[in-house]
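Structures incoming, each one as structure tokens.
What follows is chain A paired twice: with chain B in the first complex and chain C in the second.
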Partner chain A sequence: MSEPVPAEPTLAIVGAGPAGLRAAQVLTEAGLRPILLDEGHRAGGQIYRRPPPGAERPAAALYGFEAGRAQALHDLADALASQIDYRPDTMVWGIAPRAPFGFDLDCLGPRGHERIAVDRLVLATGAMDRTLPFPGWTLPGVFTLGAAQIALKAQGMAIGRRVALVGAGPLLPLVAHQYAKAGATLAAVLDVTPLGAKVTAVPRLALLPGTLAKGVWYTVAGALRGLPVRSGVRAIAVEGGRQVEALTWDDARGRRHRVACDAVGASFGLRSEAQAADLAGCRFVFEPVTRQWQPERSPEGRASHPHVYLAGDGSGIGGADVAELQGERTALALLADLGRPRDAAREARLDRRLARHAGFRAALDAAYPYPHHLVDGIGDDEIVCRCEGITAGTLRRAATERDAREMNRLKALTRAGMGRCQGRVCGHAAAEILARTLAVPVETVGRLRGQAPIKPIPLREPV
Partner chain B sequence: MERLTVDVAIIGGGIAACSAAVALREAGLTVALLEKRLCGGGASGVNFGGVRQQGRDFSELPLSRRARVLWDGLGAKLAEDVGFEATGHIKLARSESDMAVLEAYARDAAEYGLDLQLLGANALRAEMPWLGPAVVGASLSPTDGQANPRVVGPAFARLARRLGAEVREHAPVRHAAHDGAGFTVEAEGVSVRSRSLVNAAGAYGGAVAGWFGEAAPVAPLSPNMVVTEPLPHLVTRSIGVVGGDVYVRQTRRGNVVLGGGRGTADSVDGLARPVSATSLGAMDKTLTLIPDLAHAQVIRSWSGLDGEMPDHIPVIGLSASTPGLVHAFGFSGHGFQLGPVVGEILAELVTQGRSASPLHPFRIERFAAWRGPYRSEGEIEH
Partner chain C sequence: MSGLFHRLAKRSGPAIPFTIDGAPAEVQAGDLLIGAILLHRHALRRFEFGPGERAGYCLMGACQDCWVGLADGRRVRACTTRVEPGMAVVTGGVGE
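Up next, the complex of A and B:
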């Protein structure tokens, strides 16, 4: 780094999940006192989400086989609290580069709006579920798999009495397992990817047991325990008047099935929450396997922007164990860039483990390809953008009749992605539909530009 | 490299350029339009959406009055719902001296045929009981309104294509020159020969003029915009204030759009960004005008890049240095409403060398003696 490094640089970490917490740990070990900003009330992030105080349940019941890791992360969070500037309940809604270098973070927290000037930024913002429209997906009672899991972890409740789960990713068997363990009635567990891909991938996965890998094992184990697991299903539809009443689907041989249920959890993999990286000015690259744009990240966790460091699912879906390793690794890279003494052995050890995980991740992605083939089955009347009520037909017509060849233009012409969620929910599906209609690779239609606020903020400052 | 030979080449793809392409095709000329990014993706596509005559420099009023007539038929002409609604534009006074400004303007505007209604505090409260106590009076322009900027530019571009214009997007013009016989315009992937050249490059219009030895100091202008989630309909009219530090409207969908102050413009890539502190300031000011919006959620902010001239009115007219070159740029933050008429005027200038509208105030020669750069600041009305 050529520019002067302040003696006591101000460092901020956004996100107190596994990635952010490990990064904070490394920085404190080096005698620094980072600011750790997190929207959540309690540290832990998605996977190790903690119930609100007073509603605790035993870790084993909440996190299953991850209980040990969850406990370790929570203990770490508690231990760090006094050594860092920890700001829970604080959303970072704006990030702007400042001269000569560094960033201004716009935060909304318990004390209202606050603007924090920082020299370097670690972004560990995690992921959210990926959705795809299917008939009935906007009915009350349909949740994402992640939301189904959050209900269980944070509130200790299931999303319904008779629950059907649908998905295309390791989260599906994981949530099914957690629901079964919690005593919920599972009406069906439907995997839209074929079993074949998984069976061939599993031996490779076995080489490296990680959290997400365990999900794959449940595909087998769950079936053994008599869960109604089906693979390669198609034409999923939710039936119901004012709320979910049943789920129907075609099996791999084309036969129609129907089960009664009062709630559905459905999502199709994860997408990185990368708006913060976008606002910070990071370059994005298209990741072809999971078919999404992500901030460019070096193996050590450096972003394209020289003062931004990336870790965890916010910059590439790797799961919780990888998030921890990356958090540690990127913090070491940051320290090196600050001119601190380096621990080459520790760096090399982490790099080796991350490389092994990367190979394993490739196998996992092969086992759970993003089901973009389902896009053809989305009817013209289906709503894609829930916030604005925009249908697949409107998107397709914008492509064929109104020259929309790019995502931001599609949005300008149709309002898709222009609502409350700013395309976080519908953006991927809309891109697949646009690309499919134009018969071009999905990366050529680009991605929605991010702007502040990262999530909605009230017009009047709350006091 | 594609080669085209046409009657008229157009640099830019904003509302000025695209409406010119349409008018020139309607006049029977062949046209090639070259846009750096996407047509209608610059200022024309991201502006506040105010379709306002009130408050304009009087020199602009004849053009603005003519444009207003075109807005009525624009949706039909473009075969696109441009969202135009004559909701009225109301300009609020927050002090007695503001009110005096409005009174004086209304008197003079009447000479241009623009009827403005002055409202005292009581009449104003009767019509808009939701206005905050800071407002003491207003001037209403009932024929003004608002439209959806995102669709207007692209729809003009599509119409131009349907009429046979060659429209090239992602085709930044690197250079243009006149060799005595005609123009050569070098863009990425395409080279155009033409008899006439229209410079409608928005904030870059000054640079293009410079290729022909003409001075035109254009400063980047990037108004800062904020929008809320859709809300029940409340804000019945498009709202401005004396001083221009805040403006508010509610879209048909229910989103409240508000602006005020400036974002930042990156002079390298030409992209403008909103500034959070400015957004928060505009939000506060909006609340003093409309306290009922306190619980609304802001879902996005943005900015865009327009070109601003030192006297806040555009350059429109024939080049003083090069025959066949016509300029229309530097609309200084209020060129959206004028857009439809600018195309007609440019076609008049290309085909007849003169326009039915008075263009003297907009001639480029007014900057002939200008030296050095120019930085703009302060509030701008849209």
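Up next, the complex of A and C:
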């Protein structure tokens, strides 16, 4: 680093899930006092989400076989509380560069709006469900799989009385297992990827019993025995007038099936929440296996911007265990950049473990191939943008009749990605639809740029 | 009145009174507004760009599908708002 390093740098971590909490731990061990900005009410993030005060339940009931890790992380959050500047219920909605270096963070929290000047930034912003449109997906009662899980973990509620779950990733068997264990009635558990791919992948997956491995393991090892699990499902559709009434699908042989249900949890893998990295000026790269643009991250966790560090699912989908390791590793890189003494053995140990996880990740991706058949089946009448009701046909016509060849052009012409969610829900599907219409690889249509405010700000702030 | 969500884990603790379109309802301390409403209703709001109603989607503050109005003029995201005693939700009769 050529610029002078202040004696007491101001460090901020955005996100208080597994990655952000481990990063905070490493920085406090070095005698620093980072600011931890958490949109949530209690640190823990989404996968180990803690219920609000008053809704607590035993960890074993909430997190199942993840109870030990969840409890450890929550204990860490409690232990760190007095050593860090923890800001719950605080949304970072804007990030702007400062001269000569560092960032201004625009935040909205319990005390209203606040601008915080920081020297270095750790982004641990996590992921949300990746969604694809299918008939009936905007009916009340259709949620993401993540939502189905949060209802259970944070509230002890099921999303319906007869619930169908649909997925293309390890979250599906996990949520199904958790719902069954909690006493919910499951009408169907449908995997849109083939079972054969998982059976092939199991020998490699069994080497590493992480969170994600357990999902695959549960699918093939029969832990879901007795549940209506089907793999290789295609052409899913929700029926209903005012709300969900049934789910229909084609099985692998092309036969149509129908079950009555009043709620559906459906999503197809995860997508990184990367708007903050975009505003901070980080370079993005296309990740071909999960088919998404993510901020470029070095193996040690450095972003392309010299004062930004990345960890967890916000910069590459790896799951909670990887997020913890990356949070620790990226904070060590930050300390090294501050000129602090290095622990080479600790760095090497983390690097070895992360490399092992990366190999395992490849096996997992093979077990859950991308569901191209769902994208191919999106009809012209289908709503793609939930915010404003923009259809697939509108997107396709913008490509063929108005020469939209890139996502931000598509957004300007159709408003897809301009609604309240800023393309978090529709952006992935819109890119896949645009690329197919143009018959080009999906990476060539680019990505929606993040814009401040990255989430809606209420006009009347808390008083 | 039964709604979309179904409480599986009963817990003790004080009941929280609130209203939906003026009708009194009760939930439990620690409930989020989205759960509080959907225990009694099947939807949260009308879709403003076309026909139909919406009941939320991601439950993690990302999709912005669950904004609801309160009688005091506030608009809140139901999945990130904790229900408070006396809260008065105004939906215009959605999801009954």
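Please note the rule applied: the second predicted complex is superposed on the first by the 456 of 463 C-alpha atoms of A that agree within 3 Å, B and C clash if a C-alpha of one lies under 4 Å from a C-alpha of the other, contacts with A are read in each partner's own complex, and residues count from 1 in each chain.
The definition used in the following text is that a contact is a pair of C-beta atoms (placed from the backbone, for glycine too) under 8 Å apart; a residue touches a chain by one contact, two chains touch by 3 or more.
Quick caveat: nothing in here was measured; it's all calculated off a predicted structure.
*Asks:* Looking at the combined model built on chain A, do chain B and chain C fit side by side or clash?
*Replies:* Chain B and chain C fit side by side in the superposed model.
*Asks:* Now for A:Asp191: first (chain B), second (chain C), both, or neither, which partner does it touch?
*Replies:* neither
*Asks:* On the A-aligned overlay, A:Arg420 touches which partner chain: chain B = first, chain C = second, or both, or neither?
*Replies:* After superposition on chain A, A:Arg420 lies in contact with both partners, chain B and chain C.
*Asks:* Is A:Asp403 in contact with chain B, with chain C, with both, or with neither (first, second, both, neither)?
*Replies:* Touch status of A:Asp403: first partner only.
*Asks:* Looking at the overlay, what does A:Glu66 touch: chain B (first), chain C (second), both, or neither?
*Replies:* A:Glu66 contacts neither chain B nor chain C.
*Asks:* When the two structures are overlaid on chain A, which partner does A:Glu432 contact: first (chain B), second (chain C), both, or neither?
*Replies:* It touches nothing on chain B or chain C.
*Asks:* May I ask you to decide whether A:Asp313 touches chain B, chain C, both, or neither, giving the answer as first, second, both or neither?
*Replies:* After superposing on A, A:Asp313 lies clear of both chain B and chain C.
*Asks:* Tell me which touches more residues of chain A here: chain C or chain B.
*Replies:* Counting residues of chain A touched by each partner, the higher count goes to C.
*Asks:* Once the structures are superposed on A, label A:Asp321 by its partner contacts, choosing first (chain B), second (chain C), both or neither.
*Replies:* neither
*Asks:* For A:Arg115, select first, second, both or neither according to whether it touches chain B, chain C, the two together, or no partner.
*Replies:* First partner only.
*Asks:* Once chain A of both complexes is superposed, is A:Pro458 in touch with chain B (first), chain C (second), both, or neither?
*Replies:* Both chain B and chain C are touched by A:Pro458.
*Asks:* Please state the minimum Cα-Cα separation between chain B and chain C in the superposed model, rounded to the nearest whole Å.
*Replies:* Chain B and chain C, overlaid via chain A, are at closest 6 Å apart by C-alpha.
*Asks:* In the superposed arrangement, what residues of chain A touch both chain B and chain C?
*Replies:* Residues common to the chain A contacts of chain C and of chain B are 388, 419-420, 456, 458, 460, listed in rising order.
*Asks:* Which chain C residues qualify as touching chain A in the complex?
*Replies:* Within the complex, chain C contacts chain A at residues 4-11, 13-14, 28-32, 35, 39, 42-44, 47, 49-50, 52-65, 67, 73-76, 79-80, 82, 95.
*Asks:* Spell out the residues on chain A that touch chain B in their complex, using ranges where they run on.
*Replies:* On the chain A side, the touching residues are 93-94, 96, 104, 106, 113, 115, 388, 402-403, 406, 408-409, 412-413, 415, 418-420, 422, 451-453, 456-461.
*Asks:* Could you please specify the touching residues of chain B with respect to chain A in the complex?
*Replies:* Going through chain B, the ones touching chain A are 38, 41, 45, 150-151, 154, 157-158, 228-230, 253, 273-277, 279-280, 283, 286-287, 293-302.
*Asks:* Could you please specify the touching residues of chain A with respect to chain C in the complex?
*Replies:* 39, 41, 46, 51-57, 61, 128-129, 138-144, 146-147, 150-152, 154-161, 182-184, 242-243, 262-263, 273, 383, 386-389, 419-421, 424-425, 455-456, 458, 460
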